[in-house]
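The structures come next, written out as structure tokens.
What follows is a pair of complexes built around subunit A, which joins subunit B in one and subunit C in the other.
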Partner chain A sequence: MTNLALGERRPAILPAIEAAIRRRRFWFRFQYAAVWGVLIGFLLLVLWLTDNLDIPWIAEWGPFIVGGAWTTILVCVVSMVLATSLAVIGSIARLSRSAIASGVSGLYVSLVRGTPLLVQIYFMYLALPQVGIRLDALHAGILALGFNYGAYMTEIFRAGIQAVPRAQREAAESLGMPERTVMRRVVLPQAVRIVIPAIGNDFVAMIKDSALISAISVGELLWRANAVGNRNFRTLQALLIAAAIYWALTIIFSFFQERLERRMARGDR
Partner chain B sequence: MHLRRATPLVAAMALIITACTGPAASQPASQGASATENPFADVPNIVCVGEATTYQAWLEGTFEGADQDPIEEPADSTGDLLEAIRDRGVLRISTDADYAPQSFLEPDGTFVGFDVDVGTEIAERLGVEAEFMHIDWDIITAGSWQERWDISVGSMAITTSRKPVFAFTQPYYYTPAVLAVTEESGVTDPAQLPFDLPEGAEVTTRTTDAICAEEIQAGREEFALWMSSESTVDEAIQAEIPLVKIGEPFFAENLSVAIDKAGPAHDALLFEIDRIIGEMHEDGTLTELSEKWFEGADLTQAPIS
Partner chain C sequence: MTTSSTEPTPVPHHLGEILVEARGIEKYFGDHHVLRGVDLDVHRREAVMIIGRSGSGKTTLLRCLNFLEEPTVGYVEIDGLRVDAQPLKQRSRGHQEQIRQIRLRAAMLFQEFALFPHMTVLGNCIEAPLRVRGIPKDEATALAERFLAKVGLVDKRNEYPARLSGGQKQRAAIARALCMEPKLLLFDEPTSALDPELIGEVLNVMEELAHEGTTMIVVTHEMHFAREAADRVVFMDEGQLIEQGPPEQVLNDPNDERTRNFLRRFLEV
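This part shows the complex of A and B:
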């Protein structure tokens, strides 16, 4: 069976062969799921045998820990919006003819990519108040995450913009479009389609990086797991629950990302 | 094999071998008296403590317990934080919810504990509501709260190094620091240890006191001794961690309400809260709360020393 490109329609084949393809594919997926089931079951078994799976305790405290996932999702969504906005502005500035815009954007990217995210989180929370900007922990965390990811995504967007064929821009300019409109109506929409996979990746990474804002006491998933685990001398179980939820969140999001990519690629037929 | 292909492979293997044998080669050796003289000679002289706790400071010889500075009623209390709190109607209290039974979480997310009850009572007597904010302990003890919260009711010990940063009230209770040892070491008295405390002890820190106990529960053998507050050790023993409390408390800490000196003017607030704590001592409220949370023990009486 030949592998298909994303969105490519299969050529018409006899129904009998189609059925065979479908059976083969189903069987493969079934085995795949079974392998996952066995490996995960094995992990759980090891935990259970080493007395690390305290089911009554998990039942009592699990819901509270899992509740932190809502804060995590909220933080990630808002930070992503902030990061994307910063990235669009930053990438256009990077590629601009003005040395000021390009310089500021270049410094932003270099500085923010070059310092650890945890340091930036502490900075927003502890250092900003000293110049008069006092944010509460949640806002400081969102700002730090958005700012940090904005720098990485600036580079991604820049690469995306540069990947749009030059001919597109030339064609638009030859129609007499002003430069701003060229960027807005012709280049950016195509660039966005190119960078969607990378942005999806970044969102998945951000879901896990958001755990760092527990350092400034934002009541999200990891913080709750730590607080609860400490109180009951069950840090390992609590962290395992948190890890499982992070994993579930990234799986769910990756699934949606894949569907989005497939849908965007349909236009390539 | 070509030399070019072999080199990265050999380099990788060398790195892995170094990583595996490195830590093993650097295990701390602790040979005190010879085995024939002292049956407990192989107990490592390492004590586990929580990071940035007074226990760590005491073991490292830098702990200086102190009494609060004298508190006087200010002549003029306009513009004081106390006024702002009364206008707002809310007293914001920081607490680190990682310390049962002083402050911890219930499954529905509410804060409970001795410190929480004391804070609620103080707010009531001030005529306002209490709002608790969970903040990491090292951020609370760093000072410069930037007016994010008003006071700390978090069992903060008065020490010489903290006094320039915080204004302290009179202690609302005292907590003894005790040593705990693993059951399997068989030690029953600190005198049996082949080294002196605190001079002969090496300190290893964990993010919180509870993690030391969890490592013992998991069977790690890097250390056999744990120093923490008596109530935390009692909680651990109740949670069936194989520990034994040994010896008398080594020292007691004065635990008070703290106000950030870098914050807004607070002399009236300090005086008022100090007065309230005095009241709570006299009318038995603090004793009642202590007996409720600390298994019937009254920790609010100053230790005789």
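This part shows the complex of A and C:
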């Protein structure tokens, strides 16, 4: 570049090198897309040949299955809000000097991480009524997912808070900020930036894990696919549609997550 | 072992009454005896520079003065507020509040600047005035602009710290500290993390503050700066004040063998 500024002549081969690089890059991308197209096309062909691609059936029942995606999204968004709130409180409690707060949080994390999500879902829906707490399936599912992810995210937030440099805390303290203000205005905002990628990953994982609440008959994506698939002996197609939608949801969300991360990275450090 | 630290030194006429009185400061980190009984008086409008080898306890002494480290024994009195070392009651509410009050009087500047990366330069400056001193936003902004002008950064008021050079960051940190209108500034090697060509701009600001009569205690390796800006130079070794006096005396004609050795080795490098 500086050579250009000095008015030096560019060697004649430079444009050819650039063109070659562009060609190679384009060819790579073309092949990459072609591989996907061919493999997916082959799969569809096999389905069609084995008489498992019933277009009229898909046209009839597809929208019903897809409608379950809204429930899936609703469940995930609400559970995520719950999980994030639990994680903020849980991580602050875990790091607090109070043995009680730290103990409660530690037990919560250990218990939830040490038991299967499916057990927790059954617990909320099938076990709680025995102590008089009756939740409908949707609420039980949301609570179970929220509590489960809240525990994992508590650990993420704890690591995030600890990753904020000590000097940040000391600088805030030496400006006379009380402990609470230091946490709320200086430490947490920086911890959130640190944990955003991990939380994005968790959200994608939750979209997939939410399929488990079909076990308590929440009418989400997988439950709907199962219901209509079994009824019409079209299980394979129904499950493939559900899988395709999960896949699409994760791709769409990952796209937004990437943009958010890039935005948050601006003006940082 | 002779300690000349308590020897009365003649007080230059431009200095005021005693602002800081530290007595019998001892600090242990486990078994490591870092400060071995330090007495230090600082007068209003005085600029005290602390020199000494790394590991001599300079930084620990500075951090003990505003209780970023709780001294093991001793007390610090700043502007009439005396806080005793209470390592056993470090977490008690009353002691914490006293420490906060000490910090409002003595603001600390750090080697690594410790600007809040998620706030603009102006945001950094007004955060503590708004939330700690409770002054209205327009007043805080006016105050911040005044001090940003003093350090030559008004045009950077809306930049995030990531976009500033190291020298600009440290100057912004100085403005942030000044916005709390403390009684004195504590500088912990403020130029050690800077590229050589950026040191001058920070030292210029500090020298200007010193000449205007800002009380400051500076831990530094910049001998030239100490010579120019200090009212008093203090040499520390092995956790004790070995020698102190006007810069020309301590730096040119030190009384103590250890000071001579330190300066000789320092000038050789």
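What we mean here is this: the second predicted complex is superposed on the first by the 232 of 269 C-alpha atoms of A that agree within 3 Å, B and C clash if a C-alpha of one lies under 4 Å from a C-alpha of the other, contacts with A are read in each partner's own complex, and residues count from 1 in each chain.
Going forward, contacts are C-beta pairs under 8 Å (C-beta built on N, C-alpha and C of every residue); 3 or more make two chains touch, one makes a residue touch a chain.
None of the values given here were measured: they were computed from a predicted structure.
When the two complexes are overlaid on subunit A, subunit B and subunit C sit side by side with no clash.
Once chain A of one complex is fitted onto chain A of the other, the partner contacts of A:Pro165 are limited to subunit C, with no touch recorded for subunit B.
In the superposed model, A:Met124 makes contact with neither subunit B nor subunit C.
Once the two complexes are laid over each other on the shared chain, residue contacts for A:Leu175 go to subunit C alone; subunit B is not touched. In the superposition on chain A, A:Val228 contacts subunit B only, with no contact to subunit C.
Contacts of A:Val187 after superposition on the shared chain: neither subunit B nor subunit C is touched.
In the superposed model, A:Arg134 lies in contact with subunit B only, and not with subunit C.
In the overlay built on the shared chain, the residue A:Phe64 is in contact with subunit B alone; subunit C does not reach it. Smallest inter-chain Cα distance, subunit B versus subunit C, after superposition on the shared chain: 44 Å. Partner subunit A is touched in their complex by these residues of subunit B: 97-98, 100, 104-105, 107-109, 133-136, 139, 144, 146-148, 208, 210-211, 213-214, 217-218, 236, 239, 241. Every residue of subunit A that touches subunit B in the complex is listed here, in rising order: 60-61, 63-64, 67, 126, 129-130, 134, 136, 215-217, 219, 224, 226-228, 230-236. Those residues of subunit C that touch subunit A in the complex are listed here as 66, 68, 91, 96, 100-101, 103-104, 106-108, 110, 112, 114-118, 127-128, 131-132, 160-163, 173, 176-177, 180. Of all the residues in subunit A, the ones that touch subunit C in their complex are 97, 165, 167-168, 170-179, 181, 185-186, 189-190, 193, 267-269.
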